Structure formats: C-alpha cells, structure tokens
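One chain, subunit A, links the two complexes that follow: it is found with subunit B in the first and with subunit C in the second.
== the complex of A and B ==
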C-alpha cells in the first residue's frame, strides 16, 4: 500500500488511528502490529511469511546471543554469525540471486538455475534493522527484547517498514514499552505527514513526469540543455519522493508516539560530497558507518586500507540500492569522489560555500543519471547528451521544456533549501488561522492531484 | 553437576535444532515461491506486436511518452509494457499489456485503463458509432502479473491468443 493513495488516506489511516486510540494502552502495540501486517500483506500477501520468519529467527537469535554473550562469548559470536548469515542469505536470494544467476548464465554457465523471484517489498530495510539489533545485543549496547510482540512491532512497524528510515532498536526501545501521544505531538506528526504528501504528490510526481518526457525523447530532439533539464528534474524528483516518504513515516511515527530519526537534512545545500552523504538517507549512511566502515578499521588505518574501506563501503552502498551494475557504478562513483575529497582536494572546495555547493549539486545530478539508467547503453547515451556527444547545445525542444518545466524546477530548487521551512514557520506564528487554512487547501490540492494521477509509487520501494 | 551438564547440553541441542529449522524454513519458502504456479514470462512488447497482427485494426506501436500522456503510467514502474495505440484521432483500437512488479499495482493499472476508455468514450460519443462499439467491448484481462487492455474489432480472438501464450 502506498501512503499517497486514496485507499491509504481515506480507509487505512482513519481505521488504524481510530482503532489505536480506542484501544486501551496495553493493547495498542497489538493494534499497530495487526495493521502493520495488513499493510504489508496488501501488495504481496505471500511475503508476509518471509517477514514473520525473519521476526521469529531474529527474536530467538537475539535471546540466544544475549544469554551467552557474558560467559560464552565465542558461542554468542557464532550465533551472531549464523543469524546475520541467515538475514544476508534471505536478502541475497530474493534481491540478488536473479541478477547473479542471469550474469552467470550470460557467461556460459547455463547450469546455474534461474529462479524467478520477486523482490519482497521493504526487505532491505527490515533486514538491516534486524542485523543492527543483533549486533547491538552482541556488543552489549542494548538490552534484548523479551516480548515477542514488541520485537515484531519493531521490525514490522508500518510507517517505516517499506522505505525507511532504518530505525535502530535503541532509538525506539523505550517507546515500544511506554509512549505518550500529546495533542501537540499528534499535530506535529500530521504536519510532517502533510509535508511529505505535498513533496510526493505536488512536487515529485510533476518533476517525474517532466523527466519521463525528456528521457523518452529521441536523439533527434534532444540537446545538452534538455538533457541537463531532465537530469535536474530527476534529481529533484528523487529527493522529494524519498524525503517525502521519510517525512510521512516520521509524521506517522509521531502520531503513534514514536520518534524516528531524521533521514534528510537539505542534502542539495551540501558544500561537499562528504557533507551530502551526511544529509542524504542519513539512516543508511549511519548504518554502513556503524556496522561496516568502523569494524573494517574506519580511517584509523594505513592510507591504503582506508582507501579499501571507503571503496568497500560505497560499493556495498551502491549494491544495497539494487542488483545491477549501474548501482555498483553509482556507489563506486561516490567512493572515488569521496577519496578525491579526502586525499586530493581536502577542504579547498567546502571552504568556499557557493562554488562547493554548485559543484556538489552538479556531481550529484550526474550521479543520479548512473543510478536511474539500469541499461548501460541508455546511460551512456544520456550522459553523452549531457556533455554534447551527438547533439546540439539547444534546440526548439529545449525552448518547449524551458517554458513548461522551468517553473516546477525552480519550485524544486526553492523547496529543497531551508528557506521555505523558515518562512513557513514565521508565517505559522504570525498568521495562525491562515496557516491552518493553507494546510487544508494544500491537502485538498494533494487529493485532487491524486484523483487525477494514476499510479505513482515511491522510487525507493524498489530497493 | 551432571544434571546441570545435561541441561546445558539439552539447551545447546535445542539451539542447534532451531538453527536447522530456521535454515530449512527459508529454503522451503524459497522453493515454494520458485515453484508456485506462474503464468509464463513472455517478451511483452513482442507478444503485443504479434497480437496486433491478429486483426486488421488501425494501430501502431507507441512509445513511453504516449503511455504516460494517455494512461498516466510510467513504463519504468512496471516489469514490462507493450503498447499499440490508434493510428489517428479517428481510430479507437488499442492494446496495452503490462506485467506488474507486484500484484498491488494491478488495481491502479486497471483503473488507468478504465479512465482511458472513459475518456475515449467522451471523444467519440454522439458521432463515432463504430469506435463506441469497440470501446464498449473493451476487455480488461488480468492473469497473474499480467494486466491487458484490449480494444479491438476482434477482442475475443486477441484475448484467446494472449491466454494461450501465457499459459504455464
């Protein structure tokens, strides 16, 4: 089920809110869990069994590790290895096996069976949550969860189940047992949810339509400027799409008394690539830093090993996003950029905010073109057009797209900076009633757009 | 002492048993998913091209932009799409076959198809008798992960051939 759908907004959400607040406090986890399972089963019921299996396996292994870590640490470590292995095998089979087998068959290893498996939605997110839980127990950073229902809720909580943020157990440990929803918190949650809905429906979908139009242009109609307009459209689309989902997830969490960590912090205002990745999909970057980069030695090793660590982490980050060479290339691209920043450029660019900001934005935009094109030849053609290979600088089509798309691109630029947020806060303080009315109008605009639009899933559902 | 040792031994046996059950459950689940009855995975654009030759309807292969403009659907959101649209504004025959990534997409695709047919009806209502007849006979066929819209002078033959091609 998609948050930005009529079924969700007018059937599922009212029902879960009603059931949640009618239920006595001790039954609220049960209500949330039941609705989370319904939410997950909506699209592909059969994969609910995989998630229930994951919950059970991680719950039991969590207890085994906790019971043994003090006196039988090697045994606890062995079980941690088995549990993490189980999670990675499940993720690997469903997410990567079809890709790996097709590659192997492609190089003549025809005996490798090709299983036709669909990607269970959200598997990358809940698997990473489960692994962080197990490792944190082993490291004695958290206490094991003995209540099965509470643990099941941690893994399957519907607001962040499908596209994050990846919530670490320590962030919600106390809230799973006891939480309070004040009217202010509920209202703030609603505000976050609406902000996310606006980002998705009124911005991301419009920018996505512009990108699709430009991407599907024939070679005869494209130009350098048109290709860059398309790339900017996708750059803003993916930001509003994904940060919109995160805002909705954080908002829903607040409405039920949970505080999920921030996942975006105006990434397109970053003055360097390092800073960009501290602001983009923060929960994923933190996960890789905590569970891969630091265990590999981080930067407290020789330069050669540091280079290795960065490349490993960024290849994995790329591969996490999908089973495809383009994602590996995208990850590697960032690995190389980060190495250049750390060893060659240092802070020469980030110390000049505006040039740094513009260069970072352009590099990120180029990176998204590796990310979005799963077909290598289409990727090379598109990136080639961005640099003038086989096309003119501008043509009549460019004029058409500037006239029809420039406004939405400028909106994208404006809303991706903190300026709007500050203005909005000032407006809400000075004109309270008008700001409420404005929110109602925006919600109705979103609903009207949803009625008109057909199918617009979140981009990150694919990962 | 020996009793305690037995308890510890038994506890470890339970853990080993759980490890085996966890691994086996995952393998059984994968086997079940991989061997579930599925419709054949066909080359969607090629199948639509073949189906378009069954009748003498006036249509031609369309690009992603037309799909987005007419149905509001982005081809990238689906596993595969094949679309033949009318040759001119005065034709109504269309074939759109979508293989969805997950079954929750099916309703949205059927809805988009119904909206398209409804829009076409408003265009031809009152003067395009033949076109209206085609549109009223529009078929929405859903099988497994396939969603198929058929607006054709011989929708039955197209549907029959489609089902034959995807039968497991």
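== the complex of A and C ==
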C-alpha cells in the first residue's frame, strides 16, 4: 500500500488512528504491529511469510549475539556472520537473482535457471535495518530487544516500512517501550504528512509527467535545451517523490509518538558532491558509512586503499538502488566525483558557494539520467541530446515546454530551498487561521489529483 | 526564554493543535462520506462503467488483484467524483498544463488529438495489404481516402511548438508510395485542400471536443470522393436537420479537459427522400434508414449514425444506379455514408476492427462494382486490423 492512495487515506488511516487511540496504552504496540502487517501484506501477501521469517531469525540471532558478546566473542562473531549472511542471501535472491541469472544466461551459461520473482516491497530497507541492529548489538552499542512484539514492530512499522528512512534501533529503542503523543505533536505529524503528500501528488507527479513527455520525444522534436528541461524535471521529481515519502513517514511516526531521523536536508542546495550526499537519503548514506566504509578502514588508510574503499562503497550504493548496470554506473559516477573532489579539486572552488552549488546541481542532474535509464542505448541517446549530439540547441518545441513546464519547474526549485520553509513557519505562527485554511485547500487539491490520477506508482518502490 | 519567544512558541503549539484536529476531521469526514455516499454504476462523463466493491476470494487476495480492484473502486466511487476531477483540471489549467492522454488543449475551444509516428511499418503493412487485395480485382474501380485529423487541418490552433508529428509529411510520403505501386484501377482521393479551404471560410469541420468530423466535414469529404467516383453529387439536394445541440465528445472524456462549449450534431437528409434499408448482417436485424434514435440519446450522440460501429452493414437503396459499393472504414465513414446512398443501389460497409468473415467471398458474391477505403489518418496509421482481414483471406486460399 502506498500513502498516496485512496485505500490508505480513507480506509486504512482512519482505521489505524481509531484503533490506536481507542486501545489502552499497553495494547498499542499490538495494534500498530497488526496494522503494519496488514499494510505490508496488502497487494503482495505471499511475502508476509518472508517478513515474519526475517523478524524471527533476526530476533533469535540478536539474542544469541547479545548473550555471547561478552564472554564468547568468537561465537558471537560467528553468529553475527550467519545472521548477516542470511539477510544478504534473502536480499540477494529476491532482489538480484533475476538480474544475475539473466546476465549469466546472456553470456552463454544456459544452465543457470531463470526465476521470475516479484521484488518484495521494502526488502532493501528492512534488511538494512535488521543488519544495523545485529551489528550494533555485536558492537555493544545497544541493548538487545527481548520483547518479540517490540522487535517485530521495529522491523515492520508501517510508516517507514516500504521506503525508509532506515531507522537505527537506538533512535527508537525508548519509544518502543514508552511514548507519548500530545495533540501538538500529532498536529506536527499532520503537517509533515501533508507536506509529503503535497510534494508527491502535486509536485512529483506533475514533474514526472513533464519528464515522460520530453523523454518520449523523437529526435525530430528534441533539442539540447529541451533535454535539459526534461532532466531538471526528473531531478525535481525524484526529490519530491522520495523526500515526500520520507516526510509522510516522519509525520506518521510523530502521530504515533515516534521520532524518526531526518532523511533529506535540502540536497539541491549542496555546494559539493560530498555535501550533497550528506543531505540526500541521509539514513542510507550513513548506513553505508557506518557498516561498510568505516569497517573497510575509511580514509585512515593509504590513498590506494582509500580509493578502493570509496569505489566499493559507491558501487554498492548504486547497486542497492536497483539490480541493473545503470545503477552500478550511477554509483561509480559518484565514487569518481567524490574522489575527484577529495584529491584533485580540494577546496579550490569553495571560496564562494554559488559556483559549487550550480556545478553540483548540474552534475547531480546528469547523474539522474544514468539512474533513470535502465536501457543503455536510451541513456546514451538522451545524454547525447543534452550535449547536442544529433539535435539542435533549441527549437519551437523548447518554447512549448518552457511555456507549459516552467511554472512547475520554478515551484520545484523554490520548494527545494529552505526559503520556503522559513516563510511557511513564520506565516503559520502569525496568521494561523489562514495557514490552516491553506492546508485544507492543498489537501483538497491532493485528493482531487488522486481521484483524477488512477495511475500513481511510487518511484522508490523498486528498491 | 524571552516573552516574545514564549509567545511565538505558544502560537506555534496552538497552530499545531488546531492542525491536528483539522487533519483528523478531514480524513474522517471524507472517510465517512465515502461510506454513506450512494454508489454509481456508470459515469456518463467518462463513458465507462464504474468499478464496484470487489468480491474477496483467496485467489485475488493472494495475487494482489483484490487490492488493485479495491483502489479502483474507491477512486471510482469517491463522493462527488466529478467535482474533484474538475478541481484537478482547474489546477492543471492554472499550472499551465496543455497536454493530457494524447490530447492538446488549444487556445480556442478545440481539443486536438496528437499524431505520433510511433511505427511507420505498421501503416506500410496495411497499405501493402490494401494494394495486394486490390490487385486481385483489376475490374473493380477502387478509391482510397484518408481524412486528415484536426492536428493537420487546424494545425494553427495547436499550442505553439507542441511536439506533434506532421500528418501532412506522413501523408505525402504515403500517397507517393501508393502512386508508385501503379494500380490503374485505384484512385487516391486527398480531401485536405478542400477541408482547409472550408476552415478558412470559417466553417466547422471537426467537433470541438470529439475526434470525429462534423457532418458538414463529411459532406465536404463526400463531395471530393464523389468527384473522383464521377457521381452527380452537385445535382443532389440535402435537407439539414439539427438533432442534438449539447454534444461533448470523446476527447473531453479522454483528456479530462473541461470545455464549456458544446456542439450541434446535424443530419443531411436527401431531398427528395429515398428509401433506405440497413441490414446489420451479424446482428441479424434490419432497420429502415441509417440513423439511430437510441444512439442519439445515449452518451455518445455520434452514434446517431447506425448506432455505432458494426462489423458488416448491407445498405440497399431505391437508387436506380447499377453500381454497388464496398466500403472498408472506421467511424469517420459513419457520418459520410449517407451522402453516398443516392448514388448506389447497394452499399456494403465493413469495419475491419470487428469483421471476422472472409472478405474475398464477400467481394466476389455481392456483385461489387466499386471499392472504397475510408479512414481518418490516426486510425489508418494505428490500427492493424485492416491488414489482418485482408491478409487473412490469402492465408485461407
């Protein structure tokens, strides 16, 4: 189920709110867990068994590791290895096997059986949560969760279940046992949720339509400028789509008394690639830093090893986003950019933020064109158009897309900066009735768009 | 904390408390309305049956079909659905959107369907099948008329620079190919110049919100065709009757773009009247005349012509002519066939999208003297069924 659906907004959400707040406090975890499992099973019920198995395995191994980490550290380590291995194998089979087997068959290894598997929703997210939990226990950074119900809730909690943020156990440990929701906190959650819904339904979907229209232009109509407009449209689309989902998740968390970490911090205002990745999908990049990069030695090693570490981390980051060569390329692209930034450019252009900001934004935009095209020849054609291969600089169609798309692109630009949020907050404090009225209108526009759009997939579902 | 900060904090808390209440009220109000709102079976605006509450089975629960059907049901039966759709259309208009589902909103009141050259080969295959078929009947006079759509004739009404492919370009190439095939019994009728001339005179060739041409447009088309067929068209008088004056068509439904304007639907009746009997061959029914009052009162008044599209119609007239016509057609022809009736004693109308019989048996048995292919360019370009029925006969031999 996705948040921006009729089923969620007008059936699931009212039911879970009603059940949660009617239930006595000691039963509330149970209510949330039950609804989370329904939420997960909705649409793809077979994988509920995978989810339950994952919860059980990780719960048991968590306890084994905790019991042995003090006195039998080797045994604890062995169990950590088995448990992490189990998680990775599950992820590998369901997410990567179809891709890997088709590649192997492609190079003549016809005996490799092909297998058509639907990707279990959210597996990339909850697998990473489980791994972080196990490793943190092994490192003695957290206490083990003895309550099976609470642990199951940590893994499967519906707000962040299918598209993050990847919540570390220590962030919610206390709240799993004891949490309080005030009306103001609930309202604050509502604010986040509405913001996310608006980002997804009113911005991302319109930007997406613009991109699709430009992407499908034949060579007779496209031009350098049009191709860049399309690339910008996608760049904003994916930001609003994904950060909108995170906002909704954070907002829902607040409504039930959980505080999830921030996942985006105005990434398109970053002045360098390094800073971009500190602001984009923060919970994922910090996961890779914590559990891959630093264990490999981070940057406290020889430059050659450092280069190796960066490239490994970024290939994996790319591959996490999808089973396809284009995601690998996209990850590698960032690995190389980060190395260039670290070893070649240093601080040479950071004396003034704007050149770095603009360059970073353009590089990120280009990167998304690797990301979005799973087909290499389509990727080459599109990126070629951006650099004038086989098309003119601008034509009448460019004018058409400027006239019909500029407004939504400018909105995208505006909402990508902190300026809007500052204004919004001041406005809310000073004219709160007007602010409330504005939110009602925006919510109605979201509902209208949802009624109109029967087609409404979440981009981040693939992961 | 200073007084001012404390005040701000208090106001912020008050804002969030109020928002919390409003949020819950919005969700629950709509959820409640949804529960009690009467269910509808059909949407006239969208011309489709609306989804109903799906039945739950282990099978559809397991494969996810139930959740899809549920979402569809909730969206289709949403309280005051049309009002929400209108609201979203308004938002799109304000945000400058001009394109939806293959339809452009023009500056004037016209909605214009796009033309996309996705696959020239498909149309080339159709053309080859047509030519091969006609080669088998060198003694039958044959005609092919592809009618331009509004994206060609009313090209100046499109938003400037809209990335639409040129029908004219494709048509010129196509007409050249047909000419190169060198069939002496085939005449290509090109109505574009005549249609453009009428548009310049301020005449309405296309419906504003529908993809069809108006009856007047069909009249102009018939005039061009009649000239090629050497029919005494100019001697015939027509009586014009308005049968509908609130016509809003398919392009509006398809795009969701609202247009306040409505068109009139006219019929041109031969004057003096002639006798016409239409046999719906596969439906086993025979009606007098060409027009359907049921079609007129339904959701698509264009169905006044024959009541819609049927696989095979046999029309016999009281005309003294000894010519018998076979037409392969799409719905553009429906408005035009009436103009040909006074000049043929029999007209067989085949819609390849629905026809399943053997076309060669029909051609040979009915004593056909003329064959005509009558399509609008969009359908001819996109639809593969014509080549299928023409080739199907060959495979049987």
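The rule is simple: the second predicted complex is superposed on the first by the 463 of 463 C-alpha atoms of A that agree within 3 Å, B and C clash if a C-alpha of one lies under 4 Å from a C-alpha of the other, contacts with A are read in each partner's own complex, and residues count from 1 in each chain.
FYI, contacts are C-beta pairs under 8 Å (C-beta built on N, C-alpha and C of every residue); 3 or more make two chains touch, one makes a residue touch a chain.
Quantities reported herein were computed from a predicted structural model and do not represent experimental measurements.
Chemist: In the superposition on subunit A, see if there is space for subunit B and subunit C together, and answer fit or clash.
Modeler: clash
Chemist: Counting only touches as set out at the top, which of subunit B and subunit C does A:17 meet: first, second, both, neither?
Modeler: second
Chemist: More subunit A residues touched by subunit B or by subunit C?
Modeler: After superposition, C is the partner touching more of subunit A.
Chemist: Quick check for you: in the superposed arrangement, does A:117 touch first (subunit B), second (subunit C), both or neither?
Modeler: first
Chemist: What is the contact status of A:44 with respect to subunit B (first) and subunit C (second): first, second, both, or neither?
Modeler: Both partners, subunit B and subunit C.
Chemist: Please work out whether A:399 is in contact with subunit B alone, subunit C alone, both, or neither, and reply first, second, both or neither.
Modeler: A:399: touches subunit C, not subunit B.
Chemist: Per the contact definition in the header, classify A:107: touching subunit B only (first), subunit C only (second), both, or neither.
Modeler: In the superposition, A:107 touches no partner, neither subunit B nor subunit C.
Chemist: Once the shared chain is lined up, is A:194 touching subunit B (first), subunit C (second), both, or neither of them?
Modeler: It touches subunit C, and subunit B stays clear.
Chemist: Scan A:304 for contacts with subunit B and subunit C and give back first, second, both or neither.
Modeler: A:304 contacts neither subunit B nor subunit C.
Chemist: Kindly classify A:6 by the partners it touches after superposition: subunit B alone (first), subunit C alone (second), both, or neither?
Modeler: After superposition on chain A, A:6 lies in contact with subunit C alone.
Chemist: Could you tell me if A:184 is touching subunit B, subunit C, both of them or neither one (first, second, both, neither)?
Modeler: Second partner only.
Chemist: In the superposed model, only one of 26-34, 278-286 or 350-358 in subunit C has C-alpha atoms clashing with subunit B. Which one?
Modeler: That would be 350-358, the one stretch with clashes.
Chemist: Would you tell me the residues on subunit A in contact with subunit B in one complex that are also in contact with subunit C in the other?
Modeler: Residues 1, 5, 42-44, 46, 209, 213, 217, 452, 454 of subunit A touch both subunit B and subunit C.
Chemist: For the complex, which residues does subunit C have touching subunit A?
Modeler: Checking each residue of subunit C against subunit A gives 8, 11-24, 26-28, 30-31, 34, 61-62, 64, 67-68, 70-72, 74-75, 78, 81, 84-85, 87-89, 91, 95-99, 117, 159-163, 165, 256.
Chemist: For the complex, give me every residue of subunit A touching subunit B.
Modeler: It is residues 1, 5, 42-44, 46, 49-50, 53, 57, 60, 64, 79, 82, 86, 89-90, 93-94, 115-119, 121, 208-209, 212-213, 215-217, 452-457, 462 of subunit A that touch subunit B.
Chemist: Name, in rising order, each residue of subunit A that touches subunit C in their complex.
Modeler: So the residues of subunit A in touch with subunit C come to 1, 5-7, 9-11, 13-14, 17, 42-46, 183-191, 193-194, 202, 206, 209, 213, 217-218, 220-221, 395-401, 403-408, 428-430, 432, 435-436, 439-440, 443-445, 447-452, 454.
Chemist: Please give the residue numbers of subunit B that touch subunit A in the complex, ascending.
Modeler: The touching residues are 15, 18-19, 22-23, 25-26, 29-30, 33-34, 36, 38, 41, 63-65, 68, 71-74, 76-77, 101-105, 108-109, 111-112, 115.
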